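The same subunit A turns up in both complexes below, where it pairs with subunit B and then with subunit C.
Up next, the complex of A and B:
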């Protein structure tokens, strides 16, 4: 298993992937540096809301799709699937490793956003102590809320040879976010809105350390994750390459 | 000549997902607004009581703009992807056509596909308005302006995305540029007037949408020419 991670690492090392990982945190950083004004009594929370709004509503879901498509790019180009599956590895292993790498890339993006947040706080000279718990709930919650999206995007990326087709699937599902996040009725049930809802720090409700309620977390996030992941996995296990 | 090139381009995208996307864009935008108006009918009709059609058109273009920005990036990437995926640039350029013509044909194809998409917006919006029971005088001029002015004003981005998609074999780059463009366009109203991302919003200091359209067409032509010259000099794989 470890070797498979190393082979994936070899494929993405020195690719444009690293450039893309930095895109959203850098834009959030620019937003924070120019747009942030220290006003209220919870400057860190405000900075976090400002930085994560754009990042979570559009960038995070859309970048998930780009990462997934990039991870499958080598295999789609030049018959790499045949080559890879001719090695002594099972398809299940291949699929699980791809998914794990995808989630690791998303985690790296979230960590860079944390760095951007700290940089904004430092540049603005926020003196109050860093509310680590809230920040990690937001970043970690956003990461977990990406699970179903990542599963569906990996499915689409494995299925379509074209790079843009899985992204189109992604965009079609992500654009409604702009309306959905404002709706208290539909919002909690729409998988693509979950990263946004999970990342915005809220005080009043939520389960444990998360900004999502327990029902949303289990039914919507984990439920849709299981459906999408199982669908992608069985598809990949059965398809001819 | 150009006509024959275009028909070749259309042949390449026959029965491809591309057409589905071109139709899906406007269907999705109007469909979402149908849900929006359906769920909040009383609230929205009260808010736009003085001009129901105008309110509908405003709401549709609010969503249509980001959809158009990301849609044109995807369309450009997919139409260039046909050659990238099969490593067929050499084949295409080995035909008795110049590289400039090949580039022009791709650009024109993207423009036409986007045109189809924007045109479909008109009947769909009309259908939604009638389905919601809005009264008769349809603001035809306003509707057509809302469909075609942003399309013309975003020509620089069609040219840019066509260029990037053709230049880079790895489509992650042009698509990321497209995503950034879409998000920039959503905040367009905060930008100064000279920023191209603001033009498709048709807002400017003179309150004259045609200025934005004209600027878009001019810069679009410039980007197209630069891209064409660069592509003509470049070696293909």
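Up next, the complex of A and C:
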């Protein structure tokens, strides 16, 4: 397993992915530096809301799809799948490692957002102590809420030879997020909206799917993740290359 | 049970796609140390067969045994000792040759020194640090062969390794492949749609056409099938043909010449005598040996030449 990570690392080491990781946190940082005004009694939470709004609604789901597509692109393009699968490796391992790398890239993105948040707080001289618990719940929750979407996008990226097809699906499905979160019925089941539902501080948003308990969301997220991941994994284990 | 004398053996290997058999009950048998030429026109099922050999695709029916083990049950154990190049060379374009080999080396767990060794075998040492996307097709093919050699395999499976190469490149790859069993003790399965390409190096050949294996034996046997004919250059082939027919000789004619199946000297002398007696002018009498290529085309059908 470790040797496969090391092999995968070599392939992504010099890839455009590293630039993409910084895009969303940088935009959030710009939002925070120019748009943040210390008014309420919970400045950190307000800053978090401001920084994570666009990130959770738009960039995080989009990036999930882009990372997944990029991780599969060099395998599709150069015949990497057949080369790798004709080596003494198990397909299950290959799939698990791809998924793990995808989640690690998302984790790196979340950590950069944390850095952006701390920078905004520091620049605005927020004096109250950093509410680490809430912040980690938000960033970690957003990350975990990416699981079903990541599983779905990896499945699509493995299945489609084309780089654009899974991305197009992803963009089309991400755009209605703003509407979907208003619906308590559909919202929690919509993989593209889950990062937003999990990430935005709940105290600030009392509408639609935000009224649902975190427990419900967690069950739905983990449940759908298992289904999507199993589907992609079985497909990959059986497909002809 | 698998026959222990064969390093690779398939039994009734079949792959159906949409109900149509793409590979139909193929029984391959390859012995240790052989260079096995796997021949067939494009679309005959060579690559599909090779994919099944490597466990990349699942057979509809039949079995594959390599080193005496079933590929379905011991795929990873078998693939440790197999190096392959399937259809077109696989590579990561944004990485250099060295990095490409390193990505595979990390999966194989062989010593780092192997990378330098295989690069020098395929003579890519000088270009090793350039991104592979800038390589010529021949260089990519050589990198593909280097990748296949990386794990010091006992069985090397090369699918059309000279596809798309210029004559010099083909010659170079051929020399490289020929040198392998001697210096490295490897068994090689090499597929091609051109008989001439493997003719000089293969010890045994299998010919596949429309999914079925229609020939499998030593290359020598195939040469013996190459029946030769005797050609007569004559002034009036049609009249000469009628004459021979009336004397009971089977012959064919065209605008310039007359030809009969290879026969003994006395018959040839008798035919010449008949022709001369009837005042036909005989310009030349020559023996024509059918090329292997022609036999191959006859066996596989004319699509092979397209």
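Following the convention adopted for this analysis, the second predicted complex is superposed on the first by the 224 of 241 C-alpha atoms of A that agree within 3 Å, B and C clash if a C-alpha of one lies under 4 Å from a C-alpha of the other, contacts with A are read in each partner's own complex, and residues count from 1 in each chain.
Operating definition for what follows: contacts are C-beta pairs under 8 Å (C-beta built on N, C-alpha and C of every residue); 3 or more make two chains touch, one makes a residue touch a chain.
Note that the structure is predicted; figures quoted are calculated from it, not measured.
Using the contact criterion defined above for the overlaid structures, shared-chain residue A:23 touches subunit B, although it does not reach subunit C. In the overlay built on the shared chain, the residue A:89 is in contact with subunit C alone; subunit B does not reach it. By the touch criterion stated above, A:14 is placed in contact with subunit C alone, subunit B being left untouched.
When both complexes are overlaid on chain A, the residue A:175 reaches subunit B alone and has no touch with subunit C. In the superposed model, more residues of subunit A are touched by B than by the other of subunit B and subunit C.
Touch criterion met: A:3 reaches subunit C, while subunit B stays clear of it. Once the two complexes are laid over each other on the shared chain, residue contacts for A:240 go to subunit C alone; subunit B is not touched. Contacts of A:162 after superposition: subunit B is touched, whereas subunit C is not reached.
In the superposed pair of complexes, A:218 makes contact with neither subunit B nor subunit C.
In the superposition on chain A, A:80 makes contact with subunit C only, not with subunit B. The contact surfaces that subunit B and subunit C form on subunit A in the two complexes overlap at residues 15, 77.
Within the complex formed with subunit C, the subunit A residues making contact are 3-4, 6-7, 10-11, 14-15, 74, 77-80, 82-90, 238, 240-241.
Within the complex, the subunit C residues that touch subunit A are 51, 54-58, 76-77, 79-80, 82, 84, 86-95, 99, 102-104, 106-109, 147, 151. By the touch rule above, subunit A contacts subunit B in their complex via residues 15-17, 20, 23, 27, 54, 58-59, 62-63, 66, 69-70, 73, 76-77, 160-165, 167-168, 171-172, 175-176, 178-179, 183, 185. Subunit B meets subunit A in the complex at residues 17, 21, 24, 28, 32, 35-36, 39, 63, 66-67, 70-71, 74, 77-78, 81, 85, 170-173, 175-176, 179-180, 182-183.
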